[in-house]
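Below you'll find the structure I mean.
So that you can tell them apart, the chains are marked A, B, C and D in the order they are listed, and the count of residues begins at 1 in each.
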């Protein structure tokens, strides 16, 4: 394992120090592992808190700032954070209008955020949670922990963040977050596995020309393994999986996301294919993101996330955002 | 039929010794636990628990819990604060609820211990919503708790009861191998989860074995020191 | 070789189509392979043109937009563009105030831009070129093609772009570009090699625990190979190489750049180390960039670029910029 | 001493045939050229030249150049437009300058060819600033042009002169193997560039060999077809 780290067990602590040093717009509580806006809570604004295992950067810390999250709680690499972090975050961001937790659907995240919700409630902070579960690769929710939360998290954080910034109340912010999740789907394809610093070994092994179709952001297995195919075919596979689950029409927001080890030039090729396939279906890409937004360390591959836009979504998507990883309109 | 000998007193020192032994067992087997988790999960179960129990040891070393309940409660709270992942809230809440069940008593009897573990199991079941056969820690803990309760209701000697509990936990953990996971990260593997031991079931065996071994160590100490006074 | 491509020889064409589809702010001439601002040239503004081999994205295409480049000319992967592209670009961006070419110092780039300069001159467009050669890994300029152009290119494009946006004339814009280059140095360290689509094989091979110290952005060899070390030690190696060549003091602009296959979390760890080392020297990081800005396909590793700031540089750095890859203040 | 036989006419068709043969040779050896470049450069020399010469063939196929100069000029311009990299401007300018040197003549003699190649070499030297021994295409081209000039000044038969040129180019390319590069991408390798053939020198040999082989093919065609008319 070759990594730019000091030691496996200081990865998150060291990276948080780097993040703090690099971004004066962020307040980083190194002790409690909470990243929040330097300017603190705004009175009357719903506080948005998210978090999850580290290794998915820029998610979530890179999305803390005006128009998006108020705080992020990074766990150890690929390990959900602990309730104390979310409790600290809730205290840090509460502006009296309550706190919305944005939780990716993994057992660990769900349980830890749930405990935090109870603890914060005990302190009189009103906390609600919304679950993101957009990964259509998980087919059978009855016999699994349910669909995983992946790319739609970025959409939920941006759109709910914009609504919160406008002063909407907790119920409204939670409702839009749920609606974004309900109208979004993702599908990922990996060309290689990631190695966590703690384990020192790749999470799975693929053959020379083999790919994992439907992979999760921690390298969870997908629907099947198959041979590498052209960008056009891979885009089609991902898009079909999404369209079969949620027939597409009208205007969509598309994210072609790199898993951390994928050259940007390849993501643009995938985007070209997605654009062509959607155009052939009469679906319009009204907004897009192409780049590394929710990664899996150095995993190679891409994930495709689509959201069926509403007028409100588009307006909130376009609203100003000023975070380390997403920034426009301000 | 067991050879009668002195039984360990289930006092605060005993519970502290149990947790200490459990922490050591987890540390020793952390790589194995993570490897089990790598096969069907994300490979962090050993690291997670070890981080948690190391934290527990720091807390127990710097506080002087007065009751068995406090020992378990501190253990639970610390696990919740340190582990993360699915197992953190599950084990953490289990230890807290077990602590609650012990009340203020400074010494616990076998039925008391059995109902504390009852409470632990119930907590995990409630929080994780796992049914028997879902290939989780529940599949080790449930039969273990059942065996302990049965032994307690038969007024079995402590060590026999705990040994029965460990045997049942082991059998339960072994039984997870052919199961298909339908809870937690392993569930994403579907049929491919078959053929692997559930890491949470494995760590449950370690923790319960530490309980039995603590009793055996204290019991045999007492037994050998005190045999002529019998 | 597993890549998200359709075929090795359509990589650049396909990616350009994707880029065009993703960014309405860009005009992409697919035929001539020129990426320029959608709004066209501004009368009286110096036009900034850069370019080079593809595979370094977001450089250069991702830096086309308000406050930075006017056009970018992407060559084949790791191959310099041809003069026709720069000529087309010069025509497209000339607003009557002349054109500045920002050229990374590689024989191929230098020659092709030089020919373009002559061709454009023949057409009556005033063109000047500035060479970026910041890579201190190349020690002996007498017996080599000279120092390679790497990370400082981003600084030159941003700072000269801001000055051009303010309406400065060609001589002034060229002068500031040269000054930024003169005050900047880079050093890169690779953990793994990149595979170009055309060759299908890694450009070099490293042992299990071996790294290339002083690597170039096309995988050119560095000063030496060595064993993997801690992030702190690697940061020190890179910083020492830079400081030995250009003693640091005062305020600096720092870029910790990912080579394409490096997790962002690791870049923040490197940034932490750089920040500590500089602080110990009494050097202040006044501005920074941490992320993938000048990549080498999926190569793993990082490069460190430092620029000794002047008041003017800082002001121009802070000036609004609105490109796909760099965006603030607007 | 060479067996006297008919000499090819160095007309427009001949120059077109040369470039066609060179393009084919580059295509055939493109992987080899790129592999040479991979060893000490960036592995694209074969791809670059093949892309360029394929473009040249398209141009020559769709235009009907009237003079040898136009053939070389079109070749040069197209290489400049298509190759990229260091070799594009170098070869491209070389062909353009060689074309210029040929003037309006529809048929070229050996001294004319020699001075065209002189001009090509001078162009590469000027643009690339490479000295002899820098491990570049110059190290193949310079001795080749010298040999050709010597043969021309000795009024050697065409094919002998071209063979001497090719032999010198080959020897020059072989001689790049022990050299340390100090120009182009290979120079970054420093001493590690020693032991490898320079790809540009190798492609120069291919292009000059195509010239000789074109003359040989036309000459032997003429020879066999026209031997009884002699």
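Here are some notes:
We adopt the following convention: contacts are C-beta pairs under 8 Å (C-beta built on N, C-alpha and C of every residue); 3 or more make two chains touch, one makes a residue touch a chain.
Quantities reported herein were computed from a predicted structural model and do not represent experimental measurements.
The minimal number of chain-to-chain contact steps leading from chain B to chain D is 3.
Chain A and chain D have Cα centroids lying 57 Å from one another.
Distance from the chain A centre to the chain B centre is 35 Å, each centre being the mean of its Cα atoms. One inter-chain figure worth recording: chain A and chain C are separated by 29 Å, centre to centre, where each centre is the mean of the chain's CA atoms. If touching chains are joined by edges, the resulting network of the protein chains shown is an open path. Chain pairs that touch one another: A-B, A-C, C-D.
Interface residues of chain D facing chain C in the complex, by the touch rule stated above, are 34, 38, 42-44, 47-48, 51, 80-90, 93, 127-128, 180, 182-185, 187-190, 192. Residues 53, 75-76, 78-84, 106-108, 111-112, 114-115, 138, 140, 142-145, 148, 196, 198-199, 201, 203, 216, 218-221 of chain C touch chain D in their complex. Across the interface of their complex, chain A is touched by residues 2-7, 11-12, 14-19, 21-22, 54-55, 57-58, 62, 77, 191-192, 208-209, 211, 228, 230-232, 234, 260-273, 275, 285, 288, 290, 292, 295, 297-298, 300-302, 327-328 of chain C.
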